[in-house]
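You will see subunit A twice below: alongside subunit B first, and alongside subunit C after that.
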Partner chain A sequence: MEAFYSLANGLTVAIQPMNLLFALIGVLLGTAVGVLPGIGPALTVALLLPITFKLDPAGSIIMFAGIYYGGMYGGSTTAILINTPGESASMATALEGNKMAKAGRGGPALATSAIGSFVAGTIATLGLTFLAPYLVDIAVSFGPEDYFALMCVAFVTVSATFGDSPVRGLTSLFIGLTLGLVGIDILSGQSRLSFGIPELYDNIEVTTLAVGLFAIGEALYVASRRHIQEEKLEPVRGSLWMTKEDWKRSWKPWLRGTAFGFPIGALPAGGAEIPTFLSYSTERRLTKHPEEFGHGAIEGVAGPEAANNASAAGTLVPLLTLGLPTSATAAMLLAGFQQYGLNPGPLLFADQPNLVWGLIASLFIANAMLLVLNLPLVGLWVRLLAIPQPWLYAGILVFATIGTIAANPSPVELIMLTVFGVLGFLMRRFDFPIAPVVVGLILGPIAESQLRRALSISLGDPMVLLQSPISATLLAIALIALVLPFVMKGMGRFKAVED
Partner chain B sequence: MSQFRKSLWRGALAAAAVAGFVTSAAAQMELKIMAPAAPGGGWDQTARSMQQAFTQAGIAKSVQVTNVPGAGGSIGIAQLVNNSKGDGNQLMVMGYVMVGALLTNKSPITLDQTTPIARLTTEYEAIVVPADSPIKNAKDLAAAIKADPAKVTWAGGSAGGVDHIAAALFAKAAGADPTKINYIPFSGGGEALAAILGGKVTAGISGYGEFESQVKAGKLRLIGLTSATKTANVDVPSIKEQGIDLEIANWRAVVAPPGISADQKKALTEAVDKLAKSKEWQEILKAKGWEDAYVSGDAFTKILNDEIARTKEVLTAVGLVKS
Partner chain C sequence: MSTNSQRRIDVAGFAIALLLLALAGLVWWDMSKLQILSPYDLGPKVMPIVVSIGLVLLAIGNGISALRGDLPERESLDWKPIVLIFSGLAILITFIALGWGFMIGTAILFAATSTAFGRRAFLVDLLIGAGLAVLVYLLLGKLLTLSLPAGPIEKLF
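And then the complex of A and B:
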């Protein structure tokens, strides 16, 4: 109950007109940078830190929270409309969302993403309010072996992103895993597959790969098809808003997405990508409309979008309770706290209750503001699709390039972007799915380094993977998820024979 | 008015303008500071804090901060040496981590090619153990390492970084073989801290700032800092005072491009000298919890060369650099 009183106190801090203004500036900035590929919320907060030095601590931290949540919204808008995920966490959204937009259902896709983000953000912020102290104990007890087991679950479920052919899907996944090896190996400090090019020492940037494969590849593909047949895009077909059917199909994915996003986001090495893919594959399995997946199923947008925003709130659990920054943006928020002489950690809730609860309350407000801002914009955003294709795709090429160069000012990065763009074009041309490449790049290095860490700690004993209860449970889930489809198939055949 | 008088007037005006320009020349410096890392990290924060103090104290007219991330600063230093040669307005932030990164990355560019200006701040490394660990002090930890270095697991930052080097030096000072240490690198962002809090490893090593709030809350036990003597902000004697001969600090400094004239070097050094003494800079140090370690000129060049030699020795010993 104490949390309620504290939260009410926090609301009185957050609702002061100046702080509301800061929250508004934050969400506007956040949405703007989320829309541009490459420029994420972390960079924005970094650039603003010296400017906000003179401001009141509560106000600027509330603004940073707005940027953080706003960035998560903005990234999905471009993912849906022009197949260009603003950051890796909105990649799963692009899979179905862009198909929906092409079928004239961009309106409902944006709406389910905005409302789902709001629902997930609100539930997850409630979770942050009441569960943070308990959740953090579990999060800290997650060891390297448990992360490895979680990655195994993720690997088994990514097959949902494979499209129709497992062989093509696996080929894509292995391209991604290979790209994941490039750079300095975190455990030994030796460089692999980097051919002495210093830019490759830092591993391949996920956004460069995603923007290259998705945006540049798409632009090249569309250009190559133009002489055959010009694709006519209708910005709106049917209702601009979500129909009753859309609501019915969205609410469960929102809740399930939140259930994936919040706890995994709270893990120190959890991140936002894994829950979005887990959510996508779950929805694909549970849907009553499997034929729509791959052609624009609303569940495939609703789930990952909710997971994405819930994980953003989850990240704040270790940040506020332990002072553990678990994402680039969280690290910037931490720097922001320290700038005002505040040390997030076990003592922060006791030392600075007004600030912490003001921040949590402002997350609720930022969330509501984003919904109010974004829903009326849906109609405007879908008009983007009415822009003649050559102009639209030329614009995408310009923004994708500027975003990449802004994040990493180096010619090598630009060459990589182009190479990945050509790769994306070829994969589209020959019908290979694109998402598994990015999934491989994200999951491969995590799985590898966590396994090696676990073995290093256990002095080389592989049994450590089964001795930890969390890891043993997760590995069992992975095994069941792997075997079950085959068993079901076999049972089906068995039944057929029996009949 | 005669022609003569007119030209006299003009000359006087011009002279006045020149004089005005000369007196304010120092304040008119237009500096560029490169942070050879992505926004948000320690080097970036140092560069942006310098920008803030330089302009607020009126030492420079404008300061532009650029980020060139990648490979522990190897990409940034390559740009500084290749593209900014002879530019008397350019500075680059760097630190101890870059010394190791250039060696492990076999960078063709070395710090000898830059013009050292000054060391700004320093942060001591802290060794911590989980609160319920049987290890109570540096002697206990040294004994455990001497018994079997592989059984003592260390969690810290990237391989070859200052944490790794400090762990190797601790083992060496404890009388164990530094090549046998079981050091487990974590990527930044608190992953190492989570592993220590969760009791997955024997000990953790990183800058004290990373552990401070956990130590104060009683969740971690501080074994000691790697300073020469006990510092004011902790209750525990330094590791060296506990009888283990280990002294290391993670410092940050600024260097200038190669090929600048002696006058340009002097102007830059004077500007940074003024910065270090300014009220604005001192306030930033206090707010960020950075320890002032200002050394400029030849004294800094000597420190830099000593650190390069020692780091090369340690990294060769742990097998990260092939001699």
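And then the complex of A and C:
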């Protein structure tokens, strides 16, 4: 009941005209960039961080959350209409949705994904509302060693457990952790890995890293392999609306997708790939129309899209209550909080209840706005796909560079941006995941300060990490999550040999 | 374990492993210069030690991956667009470093990138890029009062 009261309070913040306007700008921007191939929600937030520095914190954080939700809606439109999933979480949608679009059923595919996203987003945000106060109560009792152990769990699950290759995922994470060391150490006043360059003394900007990896890296990658594949836009033909049959086949996948997406997103595990994949394979098993799968089955769009959105909302649970980002976008949202000196976690719920609950309430509003914006206006969004690719990427590069120098007016910052761009390009080419680098840079210093706090309380005895039952349990979980993919892989190989 | 004797050694994979090893060495060397202020714990040295040990382990892991040929197949690469985009970025950085403002550099970056993506209208794109730069300058510099590097052209506004 406490949650209801807090939510009602938050609603009074969220419906202030300025905040409604910020939410609207956020969902519009989010949908637009979600639709544009090559820009994801993480990059959009990164580009907007420097230019929102002088705005009101509540308003711009509400806007960022709108971008996050809007990006999810827009991404599915692109996946359905041009079959280039911007992220691996939209893979299933692209599989079935694009086939539907080719068969002239693009309208219902877009509709079931939009309504499914709304249903899933609303249920998952409700889940966030009721789960958050409990988690906050638990988190308040955490000591520094427990926080450090929790971050170890997040590090492992984000980088190793669910990726293609645990070695490559951990490599990405450690590149991020290394970058997190750069700069003056606040506790001792000594500089680390700065080599006398003044721009490096005050740490590597998360925005510069994210913009370099996502914008410059992506542009270089796409440009270098443009000769390989041509993208084709599928026009939306026929009715936009779902038939009675479509509704009947969609509502259960929506709910099942939500049931997969929210818990997996809410665990500090990150990644929407697993729930979308689980949802897709479940729908494939349960469907009464197995012959349609692979040729445009509506269940294969409805379920994974719901799972994708529910897990995005689920990611906000560890972010807001524990300060743990488990995806690149969540890491950028955390950077958004930090630029106003706010630290997500249990204390934020106590210190800034209006801001936190205003944000949660505005998520409901953003979701409703997105449904209204997306269904009737889908034709308008599709036009964005007609922007010629050269101008699109040229524009992305211009905004990336200007955004960076607006935050730090120095050529050194641009050189760093370029270096991170090369890093992003190489990581894409050799199939290293990008998100763990961003999570490592932003979470590394926080984990370090918790570790050092724990060690200074214990007078340097590292056993403190195992003496607290919470911390010992969490470290055990992290260890299992680290070893599991290697064991599973070994078992897989064993099976293959048996065959 | 397959016994494919024809497998080629993955040079890029080994290069990645060596780079990680070098990075680990750099972090360790940098750490060795830090001073410990408290007699009880390692203070600022803790995290660099953890990170460099992790990097060494990952260098070994990446080396094993390269040996096994676990890295994904690489597609053919077109270098021309990469060089074009880099040139655009280099020109922009040079112009800003010389205090010539960001607008000309931005216009060149726009045209270079668009050429890299296959357009053949450099002069038109240069004008579009310049228009975009002016728009951004008015929006960020004037409306949001952020400081952008100003040169002779920016001072006209």
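By our rule, the second predicted complex is superposed on the first by the 268 of 499 C-alpha atoms of A that agree within 3 Å, B and C clash if a C-alpha of one lies under 4 Å from a C-alpha of the other, contacts with A are read in each partner's own complex, and residues count from 1 in each chain.
Methods note: a residue touches a chain if its C-beta (ideal position, glycine included) is under 8 Å from a C-beta of that chain, and two chains touch if they have at least 3 such contacts.
What you are looking at is a predicted structure, and each value in this text was computed from that prediction instead of being measured.
Using the contact criterion defined above for the overlaid structures, shared-chain residue A:409 touches subunit B and also reaches subunit C. Of the two partner chains, subunit B is the only one touched by A:141; subunit C is not. When both complexes are overlaid on chain A, the residue A:198 reaches subunit B alone and has no touch with subunit C.
Judged by the touch definition given at the top, the superposed model places A:328 against subunit B, while subunit C stays out of reach.
When the two complexes are overlaid on their common chain A, residue A:119 makes contact with neither subunit B nor subunit C.
By the touch criterion defined above, A:165 reaches subunit C but does not reach subunit B. When the two structures are aligned on the shared chain, A:456 is found in touch with subunit B and with subunit C.
Of the two partner chains, neither subunit B nor subunit C is touched by A:153.
In the superposed model, A:187 lies in contact with both subunit B and subunit C. Shared contact residues of subunit A with subunit B and subunit C: 50, 53, 185, 187-188, 409, 456, 459. The residues of subunit A lying in touch with subunit B in their complex are 42-43, 45-47, 49-50, 53, 139-144, 184-189, 191, 196, 198-199, 201-202, 268-269, 318, 322-328, 330-332, 335, 338-341, 343-348, 408-410, 449, 453, 456-457, 459.
Residue ranges of subunit C in contact with subunit A, taken from their complex: 1, 12, 16, 20, 23, 26-27, 30-31, 34-35, 37-38, 40-44, 46-48, 51, 54-55, 58, 61-62, 64-65, 70-72, 74-79, 81-82, 84-86, 88-89, 92-94, 96-97, 102, 106, 109-111, 113-119, 125, 128-129, 132-133, 136, 140, 144-149.
Those residues of subunit A that touch subunit C in the complex are listed here as 50-51, 53-54, 165, 167-168, 170-171, 174-175, 177-178, 181, 185, 187-188, 190, 192-193, 216, 219-220, 222-228, 388-391, 393-395, 397-399, 401-402, 405-406, 409, 411, 414-415, 418, 421, 425, 429-431, 444, 448, 451-452, 455-456, 459-460, 493. Partner subunit A is touched in their complex by these residues of subunit B: 38-40, 44-45, 48-49, 51-52, 66-72, 74-75, 78, 104-107, 150-151, 153, 158-160, 164, 182, 184-191, 193-195, 197-198, 200-201, 212-214, 216-217, 219, 287-289, 320.
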